[in-house]
């Protein structure tokens, strides 16, 4: 059960309205690396987690991410507050309003016209938030790795936003939010490595002959060796011929059809046969105005 | 520049047609943890990567994932081959065809009716593949962590598919594909830790007072301590009051408006004021057939 | 700032595992009328709302909807718990696991294979949750109407789920959730009608000559009159001729181009002119094997 | 059966080309509150509606909304006509064309480059139209409320567009379209209240003990009372303790597993147990270059 | 301006309710090859088309496709009518309702529970309709080809549906709809070839040295020659070496940076350098429980 | 099995960084007419194609399109390289960085902030790539037509990009890519017309009485005749009455319900009956502050 206090986790004192900056902030509100994605990622994992410690941690961090969503959403609302009032009350002439809307820049017109200046579940380019951003699969050694990566990505996007913001109040709150991603990443790291034997993830072992092969599929002068394909840990497979049919088979696909199915498939093949011995007149030739030839 | 050989990386000899099994396989063809997502994840990273070693590795693995996409797509095609021919040639009565389509089960009807039995960029539930599955952000210490997590997830989904497949040929190829995810994860791990100082990701440091705080937002009898919030590494903040306005401020949002903007905002507020002192007649009351009272 | 208690708002004691029922429940977890959509709808409105009463109400209800999301997600987790363990541990033969997965029915295979039995942000058909479900536009007389409608829809979907559920524990919790939608609808109704002069929404008045017209565009024997087009409140416009160019103009679209633009447009028109006086040979004719005629 | 007349419902005489204004207009062509969404909302309801009066009304209004889609699409085409010709015929140098495209502003480059200046099923930010915008659920007391809300939203978005448009011809047509939303809202209101006993929607009654409770989940100094939570109509539940397990139970989730399932679940729990007594070395520690400690 | 008659373009007399068949029909209602996609494809083209003949044709066919949408939607409504009434009125026990819902099969549960049996803008797998299905780009020689292809695809999907339908009334209407796609394809073919010089599409000519090359990128024993790569029309380029850098250059990507940019890029490269000479300890090694080695 | 060479199919030497131009290029990377869509279109068709010639051709062209994706992605990376370094290293003040980001124009801010300057699977407006762009249906006479149309569209989008690009290196590579679309279209044309009897597509014939009808649904002064509806090839049906119920029936939808179903449907109809004889008080009247009248 959630409860809410009307004070924010971090105060947001914005220096002045700035719809274009507001729009950039949407990246962490309704964007793929934003706070709703974070909150839902951990919350859905928590619900299905049976281990009591991880479950509690996931609820703790999910709840904090919801509180971050509130902080970033408050920024958006504050940065848009002036423009919102002007548009709703139509205080200027239409020409002046159009000029202001255009002048604000980037994709902030969407937020003004469609969402009335409120924070919306879109990113800074207007892309609607999608459940496809959440990659939880219900297996903790995989999900914790996903969480670690998600925190790392969110940290970077905050860093970029900080680098393009000169409103002191906004920047201060962004630094708080960025810092919390660092803290969360550390908790998820601890949780992952508290599971004995977390690699390879899952229960099934791999096939030994392929688990340490490095298949050098991209070749040329830029071919490089490094820790990720060294001879100590990997079998480096460079021969193009060895890449094919690594099982030693024919490298083909096949299926055993029942006789009626086989007949149907052959009938379809005959009907749709590509006649390789003709050189047919085509629509492109018609389109180019070529001299028509009778078909063979 | 890519090239292609008509032999597969691993042979696929399917025992017998099975449209429902084909449909499950789509999870790793056009699903979020599938091979197209993997290939595109590494390929887009490779294009923007300046470090020569990582760039080569990303192209190597992206190219192999495309080859895996081909293996899994071949399975789907083989498992559907019989049903495809029967539907195209209408070999049975319509009632019989309907019965077969329904009998195959799960969401395989979509693959038959819409895609004609071919592998499509959907998952096993018919959800179209979306670019939202790709979480590359162009920063290697974040992206490599994303790749590690993605390989872990893909390994698990393959494990689940193996657990529900009894076609020997399909299972064999699935085991190969699962194993390669283990190998790839190891390469990405090596690549991440070859970057000196990869934590915290990015260039900006966090705010020290918040970087090690663990905010215990979820409380109750199930509260747990563990490595992820131990006193050695974390400052455990449990008091509800301390969660609010961690900056020590008022926990509010505010913005300085210009006087004309302020006027517009106030005008809007007045126009849309919620009159808290009335108990108005509402649509719900009308809908319930309540005795109408004059307003105010 | 949100906080969380590990007890649910309503206890969920499920009688027995049932993955197909779990899948139906996803409709109210990650579906368009589900609890995440409700929570996000009110939460995003609250952030941009300046009226203190409505703002508080929106936070109250948003927070409760998050708690409902937790209740419904817990149902999903409980109903899937058995199948999840069996799949992860591979306790049966693959053939038996396939049979079980298929036998569960509807789209529950997605939840098992892709999400490992956990609640996911999809609906019962596997469609990913999208921000397009949220229709908040930042104007309270419109948004409150949207909220009233959303509560009505959610009530109905719960009613349908109750009608197809015979697990006593699940049904009991569903009835609670359905009832809360009724309560919320009443609050939103009160809030709407506490705004003086909430119709028409917004500030601009309509054009009087069109604000009460009913345009009878669909005609035939089934034409009906009723309160929605009565002569007391509406001007009933039935003549087809009157439907066209209701402004009394020519009913055309036009634009004044600059002379260079006009020239470019004419050049394009000439280049792409449709020659209406020929009867050209077409690709379809080639495809049908017709005797070819020279063009023109 | 639909038919079409080549004259518009309202004439559209645009003063001069303006691709940025065209792009804003897309909000009501392919946006969530736009005319396609409106038309499809009423059309899909009409098809399944059995009440003859409502069915006729839904077809009437759906057909008119299609005609509005035509009006707004004509605006887009007219506003883009000049730029379209220039781009297709390449009348300027490439540098000049790039300058013009950039200079037009907002997201109008997408319309030019991808759609060639034609109206497309996207909103003003380039987001593709999605069926998720349609919230019809096939129950008239809910659907009519959805329609009322949709008309209110569309009215507001038109009002905002009018406020930023100074092309007299465009503004005139927008005012017509806005006015028609007011008329439609009134028809839907009449239709809703012509159904006896339309609240609560559906057939099932709520649980009396929860149907009038107002759960004060968001607390603090900003707590407010008003018509939406007054003591006359609502039971105001403020105690945090009372919010938990409102059924009087334990507030937990549970399920009765069969013994084999129980065994599988326990086996999984053991395998994935979080060892809370260690303080493991983590990837973050490696990444930070910390002195390694042997693992417990 | 559209108008509507309450009679259908083709009568739909369904033999008996069948929710699973209804669900298959959704493929042509809200699916990618369905009637809404067709109608919107032609309608959006018509709006921006300046050629009077093509414009009239596009409106003619768009309007007819809307009428087909009505026919197919009516089928869905009729096939679901029984189940809809039973679910809304809860005429059976919950267990019986669950059994019926499950028993209907394929993805028909979504239509029942979420949409109340009405036709929805989804395909037969529950995927929401998306504007991404429409590929109009505002150039008639391309768009007419897209329309020809779309009609061909729709014809095939109707053929498949006919092959799995044994309800005589449904099958009859499907055959009508299928036939109309054939007629439309022929009109679009005529329209395409009425444009003189419609190949290559657009205004710019290709580079002669590459316009007739066939690049044999996929090689192996299955290499084939045919009309699509014959020596008469194509230059067959088979040598792997010739595929690289076909411009005769270095086959690399490069950009001239300003000196400050160059410095920033180098600084970033140094910071994120991959150290290829170490063999670092990794998270996977920790996860596998390997004996830790000090780094470097 | 794919392999990769580190040299591009065509060299990309960009003159200078230009993030706005980079953003336009994304249209052909992650847009609907872009190279990923092309590659996936042909690749998925190849996997299910049984005809050996067409299968080889599809793999050839799919592989080349992947190589084009690499070329266009390299352009994006090069054009963004300077801005990427500056943002990552924060070489300027935040105000200066904000100014640069805004100044670049169009939607390039998304690429910088979210994707760090790398090519992403979005189009130039930030819309995520979706599997809905791929229209393969597994029937070659339809799919080849789709491929022909797709090549025509891609050619046009390249032409537009060429028209707005004055960077010589970018323009040169774009011309190569555009030319290859012309070549591919010709191959697909040859392949289509090598199939004997490819029209109508599929196996089922149409109903003769409707296969040549042209239904003149859009009427008015702009009515036009042309090759697409000439009397030689088409039966031109203009009478509105003839458009209705072309089967000669009643133009209605109907279904035979079982008696219990009929009863349920009638019960629902009664419960939800629209009372056409009242003029009810509505929410809009409340909202407008009208004098209330007792109902009925």
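Letters A, B, C, D, E and F name the chains as they come in the text, with residue numbers starting at 1 for each one.
Going forward, a contact is a pair of C-beta atoms (placed from the backbone, for glycine too) under 8 Å apart; a residue touches a chain by one contact, two chains touch by 3 or more.
Just so we're on the same page, UniProt names per chain: A, B, C, D, E, F = Mn-containing catalase.
Not measured: the values here are computed from a predicted model.
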Turning angle required so that chain C lies on chain E, C-alpha fit (0 to 180°, nearest 5): 120
Chain copies touching (chain B, chain E) - same or different residues, decided at half shared: different
Comparison of C-F and A-C by number of C-beta pairs in contact, larger one: A-C
Rounded Å distance between chain A and chain D, as computed from the means of their C-alpha atoms: 22
Rounded Å distance between chain A and chain B, as computed from the means of their C-alpha atoms: 7
Distance between chain centroids, defined by C-alpha means - chain B, chain D (Å): 22
Residues within chain C bordering two or more other chains: 1-9, 32-33, 53, 56, 59-60, 62-63, 67, 74, 77, 84, 88-90, 107, 114, 116, 122, 125-128, 130, 132, 137, 139, 141, 148, 156-157, 162, 185-186, 190-194, 196, 199-200, 203-204, 217-218, 222-227, 230, 233, 240, 243-244, 251, 265, 268, 271, 274-276, 278-286, 289, 295
Topology of the chain contact graph, where touching chains are joined (line, ring, star, complete, other): complete
In the complex with chain D, residue positions of chain C that touch it: 5, 7-17, 32-33, 52-53, 55-57, 59-64, 67, 74-75, 77-79, 81-86, 88-89, 91, 130, 132-133, 135, 137, 139, 141-142, 145-146, 148-150, 152-153, 155-157, 159, 162, 172, 175-176, 178-180, 182-183, 185-188, 190-191, 193-194, 199-204, 206-207, 210-218, 222-230, 233-234, 240, 243-247, 249-258, 260-261, 263-265, 267-268, 271
Interface residues, chain F side, partner chain A - complex: 1-7, 50-51, 53-54, 87, 90, 93-95, 97-98, 101-102, 107, 109-110, 112-114, 116, 122, 125-128, 140-141, 148, 185-186, 189-196, 203
In the complex with chain D, residue positions of chain E that touch it: 1-9, 30, 36, 40, 43-45, 47-48, 56, 59-60, 62-64, 66-67, 69-70, 73-74, 76-77, 80, 84, 88-90, 114-122, 128-132, 134, 136-139, 203-204, 280-283, 286, 289, 292, 294-295
Contact set on chain E toward chain A in their complex: 141, 192-193, 196-200, 224-227, 230, 232-233, 274-276, 278-280, 283-289
Chain F to chain D touching residues, read off their complex: 20-21, 24, 27, 31-33, 105-107, 123-127, 130, 156-157, 160-166, 171, 217-223, 240, 243-244, 251, 265, 268-269, 271-276, 278-285, 295
